[in-house]
Structures are given as structure tokens and as C-alpha cells.
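Chain IDs A, B and C follow the sequence of writing; residue 1 opens each chain.
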Amino acid sequence: MNSFADLGSSKLESSLNDELKKHVSAYDKYKDLPEDELFTPAEFDSSEAEMGGYSNYSYWKATLRAFLHNKTAAFFLAVIVIVLAFTFIQPLLPNQRSAKTIYNDSETGIQIVNRQPDSEFWFGTNSIGQDLWARTWAGTRTSLGIGFAVACWEALFGTVIGLLWGYVRKLDTFFTEFYNIFDNVPQTLVLILISYIMKPGVNTIIFALCLTGWLGMARFIRNQVVIIRDRDYNLASRCLGTSTGRIITKNLLPYLVSVITLRMALAIPEAIGNEVFVTYIGIGLPTDMASLGNLVQAGRLVMSQPELRYQLLFPTAVLAVITISLYIVGNSFADAADPKNHVD
Amino acid sequence: MRAVIEKCNNSSKRLAEIRSINFSKGQDTVTKYISKRILHSLITLCIVIVIVLALLRQMPIEGYFNNFDKMSQTQINVTLKQLGLKDPLPVQVGRYFVQLLHGDFGTSIKYRAGYSNAKIIAQKAPLSIEIGLISLAIALILGLPLGAAMARSTRSKFKFWDRFGTVLIVIVQAIPSAVYYLLIQLYGSEWFGVSMLFSRSNYATWILPIFSLSLGNIVYYAMWLRRFMVDEANKDYIKLACAKGVSQKKIWDRHVFRNAIVPLVQYIPNSILFTLMGSLYVESLYSIPGMGGLLVQAIKIQDNTLVEALVVLYSMISVVGLLLGDILMAIFDPRISFTGKEGAR
Amino acid sequence: MEDNDIQKGETLISIKDLAFDFTLRGQTLHALRGISLDIKKGESLAIVGESGSGKSVFVSNLMGLNAQNGHVSGGSIMYRGLDLTKLTTEKEWSEIRGRRIAMIMQDPMTSLNPLKTIGWQISEAVEMHRGLNGEAAKKAVYELLGDVGISNPERRYKQYPYEFSGGMRQRVVIAIALACKPEILICDEPTTALDVTIQAQILGILKRLQEKYELTSIYITHDLGVVADVADRVAVMYAGDIVEVGTCNEVFYDPQHPYTWALLSSLPQLGIKGEQLYSIEGTPPNLFYEVHGDAFASRNPHPLKIDFVKCPPMFEVTPTHFARTWLLDPRSPGVEKPEHIKRLNEKYQELMKKNGESVSGQEPARTALEGAAI
């Protein structure tokens, strides 16, 4: 047998694997022996003794397994991927119209106003003659863009602040007080305020939502960092000589990633909701711009007439599909990432 | 879930505060804790008001004038000076604080020119409060049993309540409230033949707005209660109660439910805030003459002082609401009174 | 259920080939692999084993308290004409739980509801099982508190668990278990979480109460000292199966199974000063996989080839002593007992001679263990 000390580490690994493959269990070795031979002493193999209990637990595998096992989650994941893909591919498809052009009837020259959905205009037209299909998808792009921008900011800025907050003990009191103050004011109120002060527009909304959104994320990251320092199992890991890097990747990162993704997934519906609200008050995006908020509000104006209701229902339907899918996928992922659920 | 972050944040907030206080026996601990929190909230309130005021000073100046277009630059400047808006910020803030202490929220400019904002708001507030309280009550009455049913059904084969409740929770939490308020108004008034316009005397018109406001909270309480109950049900003392031979029903009601309510209390202030913000939209949808509708109107017509008054007021309510939550927690959570004895052998 | 009077010493519960599985991460964990055991009325049985041997799972089956992802996959538990493995609904179990079989658990700090007074918690059991109410229930609770040695019951009744120390809480738990006047009391590691002095008190209470109420006690423990203190019979469990069962003296002084040898050899009291303490090499087998042969074979320092191939049946040593090892098969060559065991045996022989024929119960077991320490 080779002396392991002689081998380099990669060779060591392959050599170990070979040994393991060569290993035949004692059961297979002895099972076919005749009776009188069976009752003779066997040798004691200490390596067999150790092979007994080991856990085949891999965090990410178990997470993925739990997630995919949940058929609902997998389904909605497919849904959201398809919808997202379509949203961005849509303008590239043939025969698509622009969201802003007002369409005139070729015969009369009058705007095609409030036309029901038909083969030409799949979602119908709105009250000024724009193609609702194009507008819906354009609006989705805008709203998703806003939500995604806010989500990214939250994730980045929130994480950075959270890490600082957690690591640098001197900053802890400052940030905690800061957080306590700003936690008291609802995000909606801030949004109203900012939108009232600044000119309505995409940037205003993004700014207002980003202003308060990162707080929650920062707080959570900070808590996780503190837990790293203080939990017994981390102390034990450090005593055993585990490097900080490994502690971070094996103990901290799994929780962080799952929550960050969740937070990002939920930030998008939140942003859309806020946008709808603020548009209603009149301080949202400019009306010519297509956004889900604008579309819902425009639809609201005509909703009392049943034949025009489609103007509300189509954007609402798209909105509902997106928000529900994101919610389910985000939560399912977070649940799947929770080790407590890695039981079955 | 957003739930998870909130829960972590809240419980670490509580625990940090618990650890930072020196405990002795008895009721003093609770009162000490409460006094500390009140003081803390007062300070927070002041800071919040200062920041809000500073921001509000950035409001477009058209909001201060009834006929802005017709005024000359000098006239504008004179009025601004009169209103005290040309003074340095600290002076303005200080002045506003003094006014606040006298209960003066400024004077409306456009909504009802010359009227005291405080009076205007006071007229509208009672209705909002009434509607808010009713919807919170309904949320508890419907949400808690739902959550309990969901928790219990996790142990059954078909898990009907759990599935039903989960679908409901997902729909209500995922779809923005601004959207489902609309749908409720639309289809509610159509199917039940109720007018979309609120009328104080016609009780039928109260149903839809109150339901809209409570829906979010019903689902919120149900979700949290279910979570807490499932957690409690896995604890050792429940196993012992089972071994004692206590019936499942009694275990769920007397042990699991009662104990799970305790941490639930900390989510009540959040739901108050939610109702508060929701009322802004719901009130204007149904033309309810309340505070929320007032704010929306004030924004639409750009009456700066009224907007300011309302934003400040809402901030105050938020702070107080969260404070109330902490106080309730202190009363309900035995760990706060009992710490110091915990772990003694 | 049959309610006839069973005499002391007769079989009360008969467990045959009990197999229990858990579904975990899509795989099946065979926690119990065919256990057969008889429990006699009035006896005090100890079940010993390492963590993970399946002791708690085993007794939880007597009350149907296992986790939801577990199920009985074979065998039966006959108690007074009723097969406990067939009970599924709560109504069926309500006859058994508390009323006939009661349990006290390991961690007294978490066994009690933190938000209810201990008086309330005990009277919940009293009201349910004895049908008492109000004042009568209260008096019964005071009596129980007195039984477990808690003084000043009137004051204690109104107190909350956090106001009690660990030992006191365990007494409350015992009071609750007895409120039901059960026939069988299961103690799942009742003293593991307590320090040594309290341990003695609690065991003393349990022994006294067993006599007073004519209980049949089942103790789960990994502490051989506790076994020596309280048990009439011992069953040694390993990897989900019982490997040896017998009276205390038989198992301690005439152990037959290599695992029992290893267990006893590991006792620090038996170590020789200056020499390394004995410990069993390796780890218990992974029960996700099927076990071929004797589960202990891979850690046995002197195995036979057949130990790896076929699972041994229970061999009889005396009418009360059985062991599941091929060493007892007439075809096997003799294997020498380890040093420590031989020494223990010698001590026991000495004691036998000293006391004449009076070797019964636990006394010799304990004293010899103490005496064997060097």
C-alpha cells in the first residue's frame, strides 16, 4: 500500500477514491462460505467500523430538492420565467404595435377608441385609441424595471450597510437608533411625501422606494452577522480551526442568499402596488407613459361600463399573474432553504 | 417570507432590549420597560417630525397659493415671508413645534381657506377611527380562527383549511392592495347591488370598504397565528400534554392557541399601520369623508399646509401605534417580566 | 380492552417483532428492526443504549407519540388484549394515554407549559382521569404534590414553572404522570438533565412511588449507574434491536453479548489507573441501509465471520437471560471475555460467597460496581 505521506493532495484524493471503490463489504466477502467456516473468527477491520454513520446532507441539494418537490413552486417558477421572457421578447415579435401610437380607422380617419378585443387588437384599444396589448406589455416592462431596480438597490446597499452594522461594533448603536427612527414611518407615507415634492416620474418613484426599502434588508443582514459571531456552533467551528471564509460560506451564506432572493422577489410586487397607489392620487408616473399602475387607473375610470371592463381586467390579470408567481416562488425558495424543512 | 425578516427583526429587537435592561422581581420591570419605551418613542417622534418638516419645506411653492399664476414675484415673496417660509430651517422647525404643542396644525390655504387645519381634521377623524377600529376587530374575529384552523389542519390528511387559507393568503398578499380594493369595489357593488358611494346612514355601504380594509389583516393574522401555532405544537410540553391524555381539541385550544397568541401581539401595530395606509385609498375610492380621503384631496389640490398637517399627524400615529405594540408585548410576554429567573435550577 | 387482574410477575405487555420506520428526505430509516420483549407487571425494566439506538422511539410506540413521518412497519404490541400498533385515532389512544400508561420526559425545563400555573397543569390531569372538580381536585393535587415531596403545596399550586428549579419541575412532571393513576410509567431519561444530587432524589421518589402505587416502570437511560440503582431487569439496545436482556445481576455479571461487554468495559469506574480508558471504536451503523448480520459486528474486536452474514437469534442463557449473539451457538468457538468483565465477574463471585445465597435485587450490582473501581 502506498504511504499517503508520499502522495500530493490531488493524487491523495484519487487514491482514496480508488481504495474506497476496491473496498468490498464484509457481508459480500463472507456470505457464500460454508457453515463450518462461518463460525471461525474474522479479522477486525477498524475502517469498516467508522464507515457506519454519515449524513448525506448537502445544503444546496436539499434546498433544490425541497423546492422542486413542491410542484406548485416549480410550476410558478416556470410561469414567471415564461412571462418575464415574453415581456422582453414581445416587442421583437412580428406584427407588434407601439404602445404610444394612436390608431386611426383607415376608413373614417377617427381614432379607434374603446374597441373590444378582437383579432386585430388582442387586448382591444383604450379610450384614446392606443393598442392595449402593446401598452400592457410595455407597462409590465416599466413596472418590472422599477421593481427590479429597487430590489437590486435594496440587496446591494442593504447588504453592505448590514455587514458594516454587524461587524463594526462601534457603529451598532448608531445604526440601531437610526433604524428605530425610520422604522416608525410607513414606506407609503414617505413615497407620498417624496412624490409630492419631486416631479412625478420613474426616477422619483425609484428614489422614494429605495429610500426606505433597504432598511429591512440591512437589519436582517446585520442580525445574521451578529449571529455568526455569537452562535455556539460557530464558536465551535472556529475552535476546530475553520477559517472565517468557510464559516461565512457554509453557515452564513445559505441563509443570506435565500432571504436576499426572497426580498428581491417580493420587492417587485411591492413596487407595483405602491406605483398603482401613487398614480391614483395623481403623483405617479405621467399618464402617457405605460406602466401597470397607469393602466390600472385608466381601467378604473371606465370600469363601471361592463363592455369596457376589459381595459381594467387585462392589465390586472397580467399584474396578478406576475405578483402571485413571484410571491410563491420567493416564499417557496425561502422555505426550501430553511434547513428545518429538509426533513422529508 | 417577508414574514421571516419581520419576525427576525422584531424578535431580535425585543431580545436586545430585554438584555439591555437590569431586571429585578415583580411588576416594576414591566413599568420600567414601558416608561423607557415611551421616552424612546417621544424622542423618535421629535426626530421624525423634524425630518418630515425639513422635507416638507421642499414642497412646490404653488401649494401655498390660491391663485399662483396671477401673482407677481414680489407678491409671492411677501406672502412667503408672511408664512415664515423664508426663515432659516431651524427657526421654522422650532416654530412649528411650538405651534404643535398648542395643537395648532396650521391653516388651510386651498381646501378651506383660512380654516384651522386642526379643526378640519378633527371633523373627519372620528369616522376614520370608527371604520379603522371596526375593520381591525373584524380582522381579528375572522383571521384568528382561520389561522387556528389552518394550524390544526396541518395534522390532518386532507389539510383542507391549510390549503384554502394558503391560497387566500397568497392571493391577498401577492396582489397589491391597491388592485384588489378596486376589484372588490367593482364586483362587490355589482354582485350585492350596493352603491359604490359611501353614505353614513346606509349601513350596506359600510360593508365593502370595511371588508377591503380588513382583508389584508385577516390574512396577515391568519398567517402569523398559523406559524406560531405550528411552532408551539412541536414543543416538548405539548408532547407531555399528549402523554397526559389531554384531547387534541383541548391541546390546540388551551395550550397551543393560548401560547401562540402571545408573540402574535407584536404584529398588531404593524396591522394598524397597514389599515392606516390602506384607509387613504379606500376612503377616496368610496368617497368616505374621513382623514385618508382628506389627505388624498389635499394632495390633489396641492394645499401644502394641509398636506403637512396630515403627514405629521400620520407620522405621530405611526409612532404611537408601534409604541402601543411594544407595551402590549411587555404585558403579554412573560419573558420580559420573568427574565432573571429563567434558567435557574 | 381486558380489565382482568394481572398478577405481579405476569406478562403485562408483549411486544413481538416490532419494526418502525421513518421517512426522511425520501429515504427510509429503519429505526426499530424487529424487537421482541415482554414486560412483566410490577417490575422495573431499564432499557439501555447509546444515543440513536432507538430507545425513545421504542417506548414512544407504547403511547403513539412518534413523529408524523414515522410508522409501524411490522410486529405487534399486545397490552391487555389490545394491539397498540393498530391504534390510529385519538379516541382509541385516549384510553391508554395517561390512564394506563404515563410518561415523564427528559428535559424538565421544557416539559411544562410556561404560561400556566403548575397547579393548573396537574389538575388538568386530575380532572380528566379522576373526574374530580373544584375543591376535590385541588385536594388531590395537594396530595400529589406531597407524594413527590413538594412542601407547601397551597403556595406552590399558584406558581409558574419558571419559579421552580429543574429538580422541582421534574417532581411536578412526576406528579402529573401519577395524577392519572396509571398502570405503567415510562421514564425517558428522567435524570439526564439534572445534576447528580438531584438525580438521587428523583430516583428515590420514583422508587418510592412505584411501590406505593404498584406501578410497572420502564426506564430509558444511557447511564448504567441509574440502571443499577432502580432496575430489576435490563434490556440492552443497539441499532434498533435488543441484543441482550436479563435481570440486573445477570447482565452486569454474566454478560454474553460483545456489545454489553464493550458497554461495561467503557465504565470509567472499571478503568485501571495509569492505563488508557476503554472506548468502543467506530460509530453505530447507518440505519438507512439494510443491516446484514449482527449490527455490532463491525465494531466487535473479536467477530466471527457469520456475524457479518446472518442475524443471530435470541439464545437462552437462563430462563430470564437472553442474548442475541452467535457466541452462544454451540458451533461457535469460545471467545474470551475481556479483562474488565472478568474482573467484574470475580468481584461478584466474592460477594456471592460473602453474603451466602442472598443475591437478589439490585444491591450487589451496585456495590460490586463501586467495589470494582480501582
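What we mean here is this: a contact is a pair of C-beta atoms (placed from the backbone, for glycine too) under 8 Å apart; a residue touches a chain by one contact, two chains touch by 3 or more.
Since this is a predicted model, take the numbers as computed values, not measurements.
Colleague: Going by CA means, which chain is nearest the middle of everything shown?
Modeller: Chain nearest the overall C-alpha centroid, as shown: A.
Colleague: Based on the averaged CA atom positions, which chain is farthest from subunit A?
Modeller: Relative to subunit A, the chain whose C-alpha centre sits farthest away is C.
Colleague: Kindly indicate the chain pair that has more C-beta pairs in contact than all others.
Modeller: So the chains sharing the most C-beta contacts are A-B.
Colleague: So how far apart, in whole Å, are subunit A and subunit C when each is placed at the average of its C-alpha atoms?
Modeller: Each chain's C-alpha centroid was found; their separation is 49 Å.
Colleague: State, to the nearest whole Å, the distance from the C-alpha centre of subunit A to the C-alpha centre of subunit B.
Modeller: One centre to the other, that is 27 Å.
Colleague: Starting from the mean Cα coordinates of subunit B and subunit C, work out the distance between those two points in Å.
Modeller: Comparing mean C-alpha positions, subunit C is 54 Å from subunit B.
Colleague: Where in subunit B do residues touch two or more other chains at once?
Modeller: Answer for subunit B, listing residues that touch two or more other chains: there are none.
Colleague: If we count contacts the way the header does, which residues on subunit A are in touch with subunit B in the complex?
Modeller: Checking each residue of subunit A against subunit B gives 176, 180-181, 183-186, 188-189, 192-194, 196-197, 216-217, 219-220, 223, 226, 259, 262-263, 266, 269-270, 272-274, 276-277, 280-283, 296, 300, 303-304, 309, 312, 316, 319-320, 323-324, 326-328, 330-331, 334.
Colleague: State the interface residues of subunit C toward subunit B in the complex, per the touch definition above.
Modeller: 63, 65, 68, 90, 94, 96-99, 102-103, 105, 107, 109-116, 124-125, 128-129, 160, 162-163, 165-167, 173, 176-177, 179-180, 195
Colleague: Which part of subunit A faces subunit C closely enough to touch in the complex?
Modeller: 25-27, 29-31, 33, 35-42, 44-46, 48-54, 57, 62, 65, 342-344
Colleague: For subunit B, which residues count as touching subunit A in their complex?
Modeller: Residues in contact with subunit A: 1-2, 4-6, 8-9, 12, 16, 40, 44, 47-48, 52, 55-56, 58-60, 170-171, 173-179, 182-183, 186, 196, 273, 276-277, 280-281, 284, 295-296, 299-300, 307, 311, 314-315, 318-319, 322.
Colleague: Along subunit C, where are the residues that touch subunit A in the complex?
Modeller: Against subunit A, the touching part of subunit C is residues 23-26, 52, 69, 281-286, 292-293, 297-310, 326, 329, 331-333, 335.
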